[in-house]
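Have a look at these structures, which come just after this line.
Both complexes below contain subunit A, partnered by subunit B and then by subunit C.
This part shows the complex of A and B:
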């Protein structure tokens, strides 16, 4: 079912996602909350089930067939992840539980391990709590200054202020989102990295949203750290990724201690395994890594050019339809944006809007989106947010807009 | 406190018992064919809540909820507990109104005997235990806690 709107064969793609044929309160599910967590294609579900049914044991230690095969599958996920984000080496891919854990790992191992009192971490006004709180904890425990780069009223990063902050403070590390989960704003990662490096700072990009919608190349970005999570990328929960330059990972002390991360252990001292295993203490999320590998194969087979073009058409269409609704305000007008549209409705709380949309079978997120400081910056306390995925259709957005017209009547 | 002294912000019961209030709410919601219309009714109930004093819209009266704010005040008068409440969201205000219609002006024993599961039975919320979303489940717990404290104080 190709039409002029989308380069994707949406009918076929949607059939890959069993949950999309579910009904909610007797109505077809219109799932516009993929930025919180995406639905899973059958390929992911089957890869995890197949592993449990046919090929499963603990990894990296058994000398038996099942363990070796499972280790191979787990390490294959690392290869695919490295390819997905253009990492120069597979050893630079550390599996974590999610983006939050990846950021905490950096805050602990790089922040406490390699930054010095008086240095600063620079974040932005549009960060998710996951990219705020670990740095506050680092600040309070380790005497690090925490700086916040402003955004413009349109929801773009203020690059002039960014450069000024780097020039006027001893910034050791920049930690900024690659795509805002509230505003949809893509930041210019390569530009941020170039400016950071010119001032002697390292840069971490939070790619939780960005990696879902576009091809990411950490080498081209010239980033130092890149984090994302599997469950937003059509993979399972419980698996996230930290990429970092090998020389940084080599120099950083471990985050957590335990099995699988050691070279040798005695009661006097232990030595650490080489990277990336140094940062993967304990039995990792084996099945989830296998699921993530299937998700990566799935999106790569579709192609990020196609996914990106489809989602851009969806965003353009959503902005056009929602802009036409009297009393509805779209939050964020960044030049370069991805598949997330936040809005408020005059006279209505975001909670009201989401509750009424839910009754029509439409799932959106309402609230502060784990970005309370951004809400304060925007002078609001919540938004409703529709977010799109490769399986989202133009008809779903039309249904959202039509239903919002009905909802508006409640508050007119 | 006597009823005459009770602030107008506290809800006076319209029905003789909590059970009768739940029955009346169910019947009134039944009148509507679709959920959009039911929500219109719920929002109207919220709009007809007594005025909630601005000075009680503070942290001490705040019920923890994730997406919308809910405030509640409680007082005892003539052996019964009276509640006042408000929310910054329209539908939640309606749910607050409905909670107060059931629980306000009842004796502690009756409050404790009235399981908030009626919210779920009426299809108004999905889950009592886990719903961080609208704060109503938390409000139900706060009302029950106030009744337990009052009952304990009397006994």
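This part shows the complex of A and C:
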């Protein structure tokens, strides 16, 4: 089943994901909810199981063979992560639980530790709650102003307003998504960074969605902070990544205190470990890091050029098919977009649409997608969202479109 | 294709979801309450009017939600007429039991709400049906606006 518009051998790739051969209520699973969490290839499942069966102990402390080998595997995950996103140094990779924790780490350590009252954090109208709430907490606790950059009606960031906000306020930090989880919009990270730096601000890009669909190079972007999560990148839950410039991490105070993050401890005072360990208090997600490493190896072996081309073809096809459905409105018409298509259907709430799709075996997400302010900006309550992964097929999108026609009839 | 959702989307639910009869705020009311589902963004507000004996005499609502949620609110607005606070709490418990278990409620006041029992086969949708009742319970717990106005 070599897709006629795809360079990928989809039949072989889909065979790598055991769950894709499952049925749901007797129907083949059509999984179009990968933006919420992607399915896992056998390589990830086996890497984690192999570690537990053959090579596992706590890391960074045991003077024994098992601990040394496990430490190597964990630190190898850091090397692979650094290569994945073009980090200049492996010491700039901090493992967290997820993107949310990575953003909270920055809000706490950089925000409270290095920003001053009267400075502003600039976010956008299309942020996930994870990139809104930590900054509100910083604002309320630390006297920081919170600014919101508007988007256009097409769902692109308003770059003119962005520059104006930076020019007219004392923005210390920009925190903006690299790809919207609702609209699919890719923001121009390099442009955002250049403008932020011209006004003396640092920039954090939330790459939770972006890193899944394209090669990301934090050095080329000239970002200061970049966050993403493992489970959307075909890895396990419980492992996320914060990348930051070494000089920032060096200057920032620790986020959490505990074992593994110290230089020395006495009851009077403690000193901190060097980066990245300063930010990894306690036993980390060892098995999950090993799983993430396997996921990175897996996607790199396929290649982001191939993945990106395949998903672009899927998005184009989905936009064409869904646009043809009377009464269906696609939310977000950005020029540059990734594998996420949100829509509403006249006369049917997104939950009702999702329930009927589910009965056909199709998994989509419905609701506000953890982006309530964006929903308000768009004047809607909720959307249904189909999202694509490297294993998604053109036939699945056709099935979605055909089923949506029936859903429309049902609620007509 | 959708034969197996017939239990969930019975005709009365589709009709009430599309054309609710009580989806308006009351001009004169004694209490109001809200229900929120932060996981999906659904929101219901209900307004209630009581008679001299303390029993519900009128209910109106505004809902931002799906067909199940709106139909549930609309049917609730009729089922609760004539019930006082203890009766309403019992009704709410019986209704929650019905939509979770799928077992028909023995409570005669819930007869018209039986079509909502089909929700029990859709665990992720149970909250859609109970949200209006959560808003109603909020109204029961809210300070009585008439009394407050009279000091």
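Basically, the second predicted complex is superposed on the first by the 410 of 412 C-alpha atoms of A that agree within 3 Å, B and C clash if a C-alpha of one lies under 4 Å from a C-alpha of the other, contacts with A are read in each partner's own complex, and residues count from 1 in each chain.
Everything that follows uses one rule, which is that a residue touches a chain if its C-beta (ideal position, glycine included) is under 8 Å from a C-beta of that chain, and two chains touch if they have at least 3 such contacts.
Keep in mind it's a predicted model, so treat the numbers as computed, not measured.
> Given the alignment on subunit A, is it a clash or a fit between subunit B and subunit C?
On the superposed model, which is not a single observed complex, subunit B and subunit C clash.
> Of the two partners subunit B and subunit C, indicate the one touching more residues belonging to subunit A.
Larger number of subunit A residues touched: C.
> Identify the partner contact of A:406: answer first if only subunit B is touched, second if only subunit C is, both if each is, neither if none is.
both
> Under the stated touch criterion, which partner chain does A:306 make contact with: subunit B (first), subunit C (second), both, or neither?
The answer is neither, since A:306 touches no partner chain.
> Once the shared chain is lined up, is A:50 touching subunit B (first), subunit C (second), both, or neither of them?
neither
> Once the shared chain is lined up, is A:351 touching subunit B (first), subunit C (second), both, or neither of them?
Both subunit B and subunit C are touched by A:351.
> Kindly classify A:372 by the partners it touches after superposition: subunit B alone (first), subunit C alone (second), both, or neither?
second
> Which subunit A residues lie in the overlap of the subunit B contact set and the subunit C contact set?
After superposing on chain A, subunit A residues 25, 348-352, 355-356, 359-360, 366-367, 381-382, 406, 410-411 contact both subunit B and subunit C.
> Considering only the defined contacts, which subunit A positions touch subunit B in the complex?
For subunit A paired with subunit B, touching residues are 25, 348-352, 354-356, 359-360, 366-367, 381-382, 406, 410-411.
> Would you pull the subunit B residues touching subunit A in the complex into a rising list?
Counting only subunit B, the residues touching subunit A are 35-36, 39-40, 43, 66-68, 88-92, 133-134.
> In the complex, go through subunit C and note every residue touching subunit A.
1-2, 4-5, 8-9, 14, 17-18, 39-42, 64-69, 122, 124-125, 128
> Can you name the residues of subunit A that touch subunit C in the complex?
That would be residues 25, 347-352, 355-356, 359-360, 366-368, 372, 375, 381-382, 403, 406-407, 410-411 of subunit A.
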